[in-house]
């Protein structure tokens, strides 16, 4: 699934913003695929969970009723790919009545001003 | 484009609810296709424009920049198919700052209670 | 008596508003797919217009890790319960 | 300096909110496709967070019958203007 | 016993809706009702592709629909206007439009929107699944 | 002169996004820039179908992408994982997966997501068009 080119370019910083919840659509899965491939490709990848994308991190997710894979197995692979800082929108977290204890991985909540700064210091950004 | 079966069933009432604006997606076009076909098929068809679907009626629409057809030519065909009453959500109209003068066809604005009644008296409803 | 089927997250506020305009006093709302997120107590206002006549699909709740996060005013039904709702309601409309 | 591209109607309130969280003081917002509806004076609040740094695509306005309904605070650009915005902004992100 | 018709607007593998529809259809027949017609419209026509090759550990949606036809006689109707635009066509449409090969085979059938109206009028229940 | 890459997530004939992307690509080349790569992902892979047969009075999207390749050398890269699931495959993938025929031909190429990352790193601008 993860293809790695022989010629690795100089590492750059890529921010992948995840805005869609798991299961209902494939956006989250495809955004995580890009993040994992980019990391395997030698890039420094950061993830920002925003809006309903925060639900990707909710504990206790399972496979879908027809056996369709969730995205939580992809999240479990992040550390192996050196993707270790997960940012979340503090406002998005509050609006959903969630705290860090509800999430399956440690996260860094960001206020809006810090989110703007985060986007500005990453030379590449993809939104899913 | 309009296919008519030989065996026409007893006419029934079909309400088609249009909730999506023109051009951005094909929902509106496909809902109108169903309405026109059902009318050609001998059914009594009513249209309810709700939410952004109200923009389907805005005057002055044109073909898209790559020549893609709009939905206003379909609307011009409604009368030919005896689809002559167009209902719109009064709230949706107000929220968009629109009045009947802004629309290309005469409409009947409905309050929420009248919309509920409209759905209830149509034995068939399709939402697009 | 109509069954309304809704599959969008409660952040799709326009869809919830459109459903509420068309929701009769005998109607019922079933939340499936990403609409499961509306069944949480924290989603609150999204379901207010539906006067407690709301169910949510268990299988979709479980997949999303929401099984223990359902507001008590929302009834949980499984796929057989979903089918039963379409049996008892002569008409079913889907909002998307 | 980032160009934000938005193609959803202003009734997709969650999307507009997410853009506003990520919108820097040097950034610019371009409304295309169904986001043209946000350029009307009646859409008001949707564009408030963007401090007047908003453009809308002329070709998409015209197709929707909105050419004469643009709020004076929103700049109208054609396809060449869209391209020029991507030339002057090193990065472009799309919200959907 | 009720006759059910489903209207599916959603492409496979992008939204849950196609899986939701298949799961609902399975529940219909498991409870002794008749799963009479599935109408594929909009991006839903892609569900009928004979060419899809999903990973072995994912649901093969086209096979799921075919199983319903084989075991329960469910009609699988694909809107011809929506299908042609999107590259879903049978042998005769491929030849008529000079397209190199076809992507749709029985038990899927290309039909007009009139068949959707007919399905609505002649079924007891019509349930829509959309993206 | 800048190098542009586009990422297209949207299926043809359901959303305006595919038309928006084609229109943008035309503007890029008309203004003397290089339209280097178009990467088709998610439902965007359906744009590469060799089988689409839209009505004569509608834009033929696959032909539009091919024209960009022929006249301007634009790479047309289709995500292989997204394509296989959805029935977009070339001769060799069709044979490998035992599928009756193929639906994708040159100048469209099946590639991995790595090529998307590469396009992002090696272009001056990457613009996304989504449904």
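A few comments on the model shown:
By written order: A, B, C, D, E and F. Residues from 1 in each chain.
The working rule: a contact is a pair of C-beta atoms (placed from the backbone, for glycine too) under 8 Å apart; a residue touches a chain by one contact, two chains touch by 3 or more.
All of these numbers come straight from a predicted model, not from anything done at the bench.
With steps allowed only between chains in touch, the distance from chain A over to chain C comes to 1. Ranking all chains by how far their C-alpha centres lie from the centre of chain D, first place goes to E. Note: the chain lying farthest from chain A is B, by mean C-alpha position. The pairing of chain E with chain F is characterised as same-residue: of all residue numbers used at this interface, over half are used by both copies.
Chain geometry summary: the mean Cα position of chain A and that of chain B are 41 Å apart. Each chain gets one centre point, the mean of its Cα atoms, and the points for chain A and chain E are 34 Å apart. Our note on geometry: chain C versus chain E, Cα centroid distance of 25 Å, whole angstroms. Centroids built from CA atoms put chain E at 38 Å from chain D. Looking at chain D, one finds that residues 7, 9, 11, 14, 33-34, 59-60, 79, 91, 93-94, 96 touch two or more other chains.
Chain F has residues 13-14, 16, 23, 42, 58, 82, 126, 128, 131 in contact with two or more other chains. Chain contacts: chain B has residues 23-26, 51-52, 64-65, 124, 126-127 touching two or more partner chains. Pairwise chain contacts in this structure: A-C, A-D, A-E, A-F, B-C, B-D, B-E, B-F, C-D, C-E, D-F, E-F.
Within the complex formed with chain C, the residues of chain E that make contact are 2, 4, 9, 16-17, 20, 23-24, 27-28, 31, 33, 125-131.
Chain C makes touch with chain B in their complex at residues 2, 14, 17-18, 20-25, 91, 93-96. Interface residues of chain E facing chain F in the complex, by the touch rule stated above, are 11-14, 42-43, 46, 49-55, 58, 82, 84-89, 93-94, 97, 99-103, 105. Considering their complex, residues 23-26, 64-69 of chain A touch chain E. Across the complex, chain C meets chain D through its residues 9, 11-14.
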